[in-house]
Each structure stands twice: as C-alpha cells, then as structure tokens.
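Just below is one structure, and these are the notes that go with it.
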Amino acid sequence: MSKRIDVSDLDIYYGDFLAVKGVNMAIEPRSVTALIGPSGCGKSTFLRTLNRMHEVIPKARVEGKAVMDGVDIYGRDVDPVEVRRQIGMVFQRPNPFPTMSIKENVLAGVKLNNKRLSRSDADALVERSLRGANLWNEVKDRLDKPGSGLSGGQQQRLCIARAIAVSPQVLLMDEPCSALDPISTLAIEDLIAELKADYTIVIVTHNMQQASRVSDRTGFFNLEATGKPGQLVEMDDTTTMFSAPSQKQTEDYISGRFG
Amino acid sequence: MSTDVRPDPVDAVAPEPLSDHTKHPGRFGNRLFSGISLASGILILATLVAVAAFLLREALPAITSSTQDIADFTRGLSLGQYIAPLVFGTVLAAIIALVIAVPLSIAIALFIAHYAPKRLAGPVAYAIDLLAAIPSVVYGLWGFYWLVPLVGPFFDWVSTTFSFIPLLADYAPPAKNITSAAVVLAVMVLPIVTAVSREVFLQTPRLHIEASLALGATRWEVARMAILPFGRSGVISASMLGLGRALGETMAVLMILAPFAKGSSFFSWHILQSAQHQTIAANIAQQIREAHGLSVSVLIASGLALFAITLVVNMIARWIVSRRAAFSGAN
Amino acid sequence: MAVQTQSPTGPTPTPTDAAPSFATTASGRRRKRTNTIMAVVVTVAFLIALIPLISLLVEVVVRGGKMISWDFLTTDMAGVFGDMTTGGVEHAILGTLQITALATLISAPIGLLAAIYLVEYGTGRLAKTLTFFVDVMTGIPSIVAGLFAVALFALLVGPAYRSGLMAAVALSVLMIPVVVRSCEEMLRLVPNELREAAYALGVPKWLTIIKVVLRTSLAGIVTSIVLAIARVIGETAPLLLTVGIVTTVNTNMLDGRVATLPVFAYSQYAQDSQGVGADRAWGAALVLIVMIMLLNLVARFISRRFSIAEK
C-alpha cells in the first residue's frame, strides 16, 4: 500500500522570505524519487513540506497544493499530526530517543500516541520492523539495550524501523546517509531498494551517485542566485536525467561543472 | 528477502482518511496543555503584581493615617520620618558590603577564569558557590559569635589611628555596628557577584586574548586589556544583583547590628559606632511580633519601600544583562 | 584593535636594525613584577574568601556537634524553660520538612509548566516579558515574600491567622523563579532532533513534550527542583513572619504556628545568646546545614547517575 503525491504550485515561506517557489511535481507510488541540487536550494525544505514538518518552525508557511490520494494535505480540515502518521520521515542525523531501548524506539510511534498493544503484537511488530530495516539479526539479542549504543549506521536503520513501524504510506528521507560511513551507506541504499516494493520513497541527497543508484525518478532543484527562491528546474526518469537532461544547468550540475 | 516479514501497510492499521472531521489527534490535548503552561506563566506575572498590590493594600491605612494615629508605634514620628532613616541604613549597609565584596569578587572571578589551572578552577568555583548554600541564620550566628569578637580590636585600632576621619571615629565595643553587619553581607553577596563575573570573563573571545598574547602581553596585561574591558558591563550588572541581595537581607543584620533606639531618627555616618543604624528588613523582623493593627501597616509600608528599591535595582541589573546578551549574540 | 594602543608599557612600535634581543629590559622587569603582584593579589583574594567558608563550617561543626545526640534530634521543647539543658529540634525538623514539601508542591508544577511554556510554546513579547520578570523575581527580598503572605492572608482569612500554608506561599514566591530558570535550562538541553523525530511519527505536540522532552530531561528537572528546595529550606525571615515558633509538633498545615529549624535557631539565640540557647542554635544550624548538603549530594547523584550522555 503506497500512495502518489501530486504537488502543484507550491510556494514555501519562512516568514516573509520565499524560500522555494512554484513547485509542480508528481511523486509516483512504489518508486524512489530523488531530489538533488546544490546546498541551500530548498530541497530539504521542500521535503519537509510533504509531511507538514515545515510548519514546526515558527512563522514557516506554505501556499499551494500537495494532494495525496485525492486529499490536499494542506486542506482546511486536515490535521498535520495525522499527515505525519501517514507520511514518515528519516532525518539527516540518526535521532533515536536516548531514554528508550532499541525495542521501545521501534514502538515509539505507537507508544507515544498512547495506543495499547498486546505483548505478542508488540514483539511481532518489533521483529517485522527491524527485519524490514535489515537490522534484526544485528540487534535481536539486545533489544532492551539503549538505542544510542548502536553504531551510526545501525542507529539510522533503527530510525527507519521506527518510521515503518507506524505503517506509513510514504517515507521521506532527508539525506539519510550524510552522517554515515561508506559501508553503512551501502546498507541503507540496499534497504531503500527493498523498501520501495511497499512504500513511496522520496529521498534528498547531495550525492549524485547515490541518486543514480537508488532512484527511479530524479528532480533537480536550483537557485537562480543567492537570496532568490529555490525552484524545481526539471524532473525526469533518473536514467534520462543523468544521460540526457533537457536543461543546461542540470547537465552542468550533474557533470560537476557547477559554481 | 521476502516482503512478507515487513509490516504490511494494508492490514497493520487501517489507514484513516486524512480529512476525517471527527478525528484530530491530540488537538484537545494540545489546547489543554498549552493552555495550562501559558496559565502558569501568567500566574507568575500575576504573583509579582499581587506582591505589589497586597503590600500596597495593607500599607494604605498607614499611608493615609495621620502622624498621631501611628505615633504610639513610631514614637511620634510621621511615616516618612520613620521610614527614611531605615532606608538610609539599608542603603548604607548594602553599599559598604559592595565596597568590600565587588573588588574581592572580581579578583576571585579572574582567579577562576584566568589564573587558576583548569583542574583547580572547578573546585574553586564550587567552594565559592558553597557560600551561597549557607542559610542566612547561620551567617547571623557566625557573625555574632565569630566575627564580631574578632574584628573588635581591629576596629578599635582603625578608629584610634584614623580618629581625624569622622566616618571612622568613636568606635566603642562591642563591634555590633553597621560595618560588621556589612562584612557578613559582603560574604553573602560574594558568590553571586563572583558567579556572574566569572561567566562573563569566560565569554571573552579567544581572539581578544590571543591578540593580546601575540603582542607580548603578560598574564595580568591580558586581564587588563582584554578580559576586564570585555566584562565591564557584566561586572556592573553582577554588582547590581549583589546590591539587590544586600538590600533585602534580614537575618545577618538582625542578629549582628545593634539598632538605634526606637523612635530616633538617625542619619549617621559613623560606621564604626553601634546603635546608630537600622535596616528596613531587620526592623520588620524585629518589630512585627509586637505590632498589631496600624503598626503592622506601618511595617508593611516600609516593606513596600524595600520592595520598590530592590525591584528597581534588579530591573536595572537584568536590563543591563539582557542588553548585553543581545549585543554579544550579534557578534 | 584597542589592545595595541592601550598598552602603556609595551615596546615602541618602531622596528630597529639592531640584532633582536630577548633579554629582559628595565620596562620588561617592571611589567613582570606587576604581573607577579597581580597573580598574588587574585590568589590571595580567593584565599580570603575561603576564610569565612572554612571558619563558618568549623564553627558549625564544632559548636553544633557538641549538641547533636539522639535526644536532641527526637525531643521537642515542651516544658523546657530557664536554664534547662534538655529539649531538642524534633518539632523544628518536622516543621521544616512539612513546610518545604508544601512549598515544593506549589512551586514545582507552576515553575515547570512555566518553563515548558517558555521553551516549547513561548514566542514574542509575552515570553520575553515573562523571562525578564522571572529574573527580577529572583531578587525579591525574602522578608518581602513573607510580608506578602502576611498581607494576603490578612485579607483572605484575618490578621491573626498564622499557618504552615502561609509560610509555604511565602517560600513559593522565592522558589518558583528559581525552578523556572533552572528547568528552562534543562529543557533547552533536549536536542530539537528528538522533538522532530516524534513529530514525524505523528505524535501530537503535547505528548511529544510529556513523553520525549520531559522524559529526556527528567534527571535534570529533578536535580533543578532538589537544588531549589536546598535554596529555600534555610530561609528564615519569611518563616519568622508567618509561622513564628512553637514548642511542639504541629502537623496541621492550615492552622497554627509551626516550628522550623531556621526560626528555632534564631529564637534560641535571641532568648539566650550566651547560654544553652546558643548551643541549641548551633545544634539546629548544624542539622540544617547537613540537610542542605544532603540535598546537594542527592542532586549531584541524580544528575550524574541518570542524565543522558549528550553527544
């Protein structure tokens, strides 16, 4: 079960500052969409608008539409909390809850929402989620140890397990490998390839090799100049984007000839 | 790897439509929780207002009554005549305390921030902070039983040697005078002045310090050229905070200072003579048990004056601190 | 930079052709001497500050230690008068514990919630105003807090009313700002990433605060509150005004005077500053200081043992 998201004419503001302008984008279900672009171009900001995390920052706001399953997630009757339950997120730096064990971390989405779960259901969910995040074999003997005791790569997979344990429709990843070593990065990339069978995945990355390895479609964000808003320059199948982009600036960026 | 071990989004939890009007998770809890935390914040502001309002309300009978009505308690003085010498004593004691405490505090703060080896700085700061943990009544006991007998001979020597200075003239034992009380006050405000000064000294940009060192400055020159100028406003506000403490301290003064006779109106500069001064706080503590009716009101009026003075001093101190915070944040 | 121009003893800034010499010059010797003198001055300043600390602790331990016995800790002052050397501080210990506990019950929730408001909700003028006045409130003289309670209850109940509750209200005025500032600091230590992680799991803000923010900073918050208790447990002046002193235990916090250690110490001193009263005052002072030191140790233990290691 996974859903498509259609974004149309989305403007993103911090107070009066227009950070990202006029994004139109179709995100396909059961696929990996990568967002690339130089630093500060607004790709992470855009990603955070997809599950309404953007508005956690004071004075941040959004104009335009982002429709999932026929419902605008910025519609008047839509609760941001409900949006976040259905669109999960993995952050740049692994952020397991330091007060919780590995098991409690996986169950965090359920437990923190005051939902009751029988012991056997909880155990099953922990195992399924950790297997889903390719972490089960490494941690099954120390589920009650603190999550912060794991390595960086394991912590990030724990965070992925935590995100998929609440059964989201869509999984957003904000540079999930930028704080990890190459071997952990490879493990996460393998995991992304497996997860796309079930989830719609959107990943922001600085690393173009990573975008080309893991994604089906790629969107390129850029700024016209510093101080100007970022915008989506073009979006296409990843193979097309990396072999024959239609825009000159995309080609420059991908081939490394960039400012 | 097979996909069936993964949480199956279809049957794990039935997805809820996003636009379900009836269900806004946490909306009620959010409102309630943000409401009660906001209410707590407002309650604190209200308490401050209430302190002023209730003191004023209870002081009003004394303020509006004639001198004759309160003459019994004040020995014939008007409210203003009664409170003025107390204000004088309060301010004098606090200023003497600061004259002693501030230079000492700056030196100790420099010692901790700049001179002491790293390993020693922590314990040293802790020892000074310990002074703040000791209850005022214990300071009173210490002042009365340990300090007063000890400083007596010293005061005697100072007074005879410098008898031509009116300020120091005519000491007579025991040393239950305003200077002894102020020494104890100085010890009591020392930790706060030291702590705040220490913090600002530690914030001196490394760049300033290294620039001075690169010019061949000695350790003291670094302190004088980089640390002290940078920390000046911090030291000023620390001193104001200390002043606020010293103005309001009750027990140490109550237990050490022999006050002037009730009903006398003294503005004495003889800081080594006893029975010449009294402070507002100590006077309240001393008189309240025998007071009732209008005389309570007189004491509360004096308390209102103390509240107003300390409020202004503290507001100036905090204002300097907050202005400074904005300033250094911009750098 | 100002540094260069301010240096009165520094070398003249003209380069010379002479071979460089690192030998100490006359002015260099003077600067060196000043430097040494100042190093001695600041060290001596610290040693001077140690005199009151050490002498005070020695006095309390020596003079108070003489008094400490099982009897002293477990009897009250009923029927003790004149030069009788019996009697103890049981009632005062209990009273201090009761009043401080009640003050904590009032102050801890209000202070913590206000800190939560400042860290999690507060923006703009109100939060700034609150921060400013909380700081200002930390400077309210304790006797004024006592007078406030006297004035408040004189209006609410009557001028002759005295009770433990009154004292607890007075102590709360002093305690709340301390709790707010230290809890605020602890809440700000919780990394924002953890809040975001919870939001991204679809956890509402209030549950995020309770289950993630408060849970993560729990050790710090408990430490803050214990230290705030240590700060007010020795307050004397507000108790002198509100509960005075009695000779026996009073467990009713809503009516009647209550004995407390600080006021006990003061009133013994005031009654008989050269005889047994002085001894009892020192004894009570020692008990009080031991209680404060224990609270400080507990706070240190909690923050060491239970705090989450920050990376």
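Things to note:
Chains: A, B and C, in written order; residue numbering restarts at 1 for each.
The definition used in the following text is that contacts are C-beta pairs under 8 Å (C-beta built on N, C-alpha and C of every residue); 3 or more make two chains touch, one makes a residue touch a chain.
Note that the coordinates shown come from a computational prediction; the quantities given were computed from them, not determined experimentally.
Compare each chain's C-alpha centroid with the centroid of every protein C-alpha atom shown, and the nearest one belongs to C.
Distance between Cα centroids is largest for the pairing of chain B with A. Look at where the CA atoms of chain A average out and do the same for chain B: the two points lie 52 Å apart. Distance between chain B and chain C, defined via averaged C-alpha coordinates, is recorded as 12 Å.
One simple way to say how far apart two chains are is to compare their mean CA positions; for chain A and chain C this gives 47 Å. Those residues of chain A in touch with two or more other chains are numbered 81-83, 85-86, 113, 166. For chain B, residues that reach two or more other chains under the stated contact definition are 25-27. The multi-chain contact residues of chain C, meaning those touching 2 or more other chains, are 202-204, 207. Contact residues of chain A toward chain C in the complex are 51, 53, 56, 58, 81-86, 88-89, 91, 93, 95-99, 108-109, 111-114, 148, 159, 162-163, 166.
Residue ranges on chain C touching chain B, taken from their complex, read 1-4, 6-7, 9-11, 31-32, 34-35, 38-39, 41-43, 45-46, 48-50, 52-53, 55-56, 59-60, 63, 109-111, 113-114, 116-118, 120-122, 126-127, 129-130, 132-145, 147-148, 150-152, 154-155, 159, 173, 176-177, 180, 202-207, 209-210, 230-231, 233-237, 240-241, 244, 262-263, 265-266, 269, 273, 278, 281-282, 285, 288-289, 292-293, 296. Note for the complex: chain C touches chain A at residues 123, 191, 193-204, 207-208, 211-212, 215-216, 218, 308-309, 311.
On chain B, the positions that touch chain C within their shared complex are 25-27, 29-30, 32-34, 36-41, 43-45, 47-48, 50-51, 54-55, 57-58, 103-104, 107-108, 110-112, 115-116, 124, 127-128, 130-131, 133-142, 144-146, 187, 190, 194, 208, 211-212, 215-221, 223, 225-226, 229, 241, 244-245, 247-251, 254-255, 281, 284-285, 288-289, 292-293, 296, 299-300, 303, 306-307, 310-311, 313-315, 317-318, 321-322.
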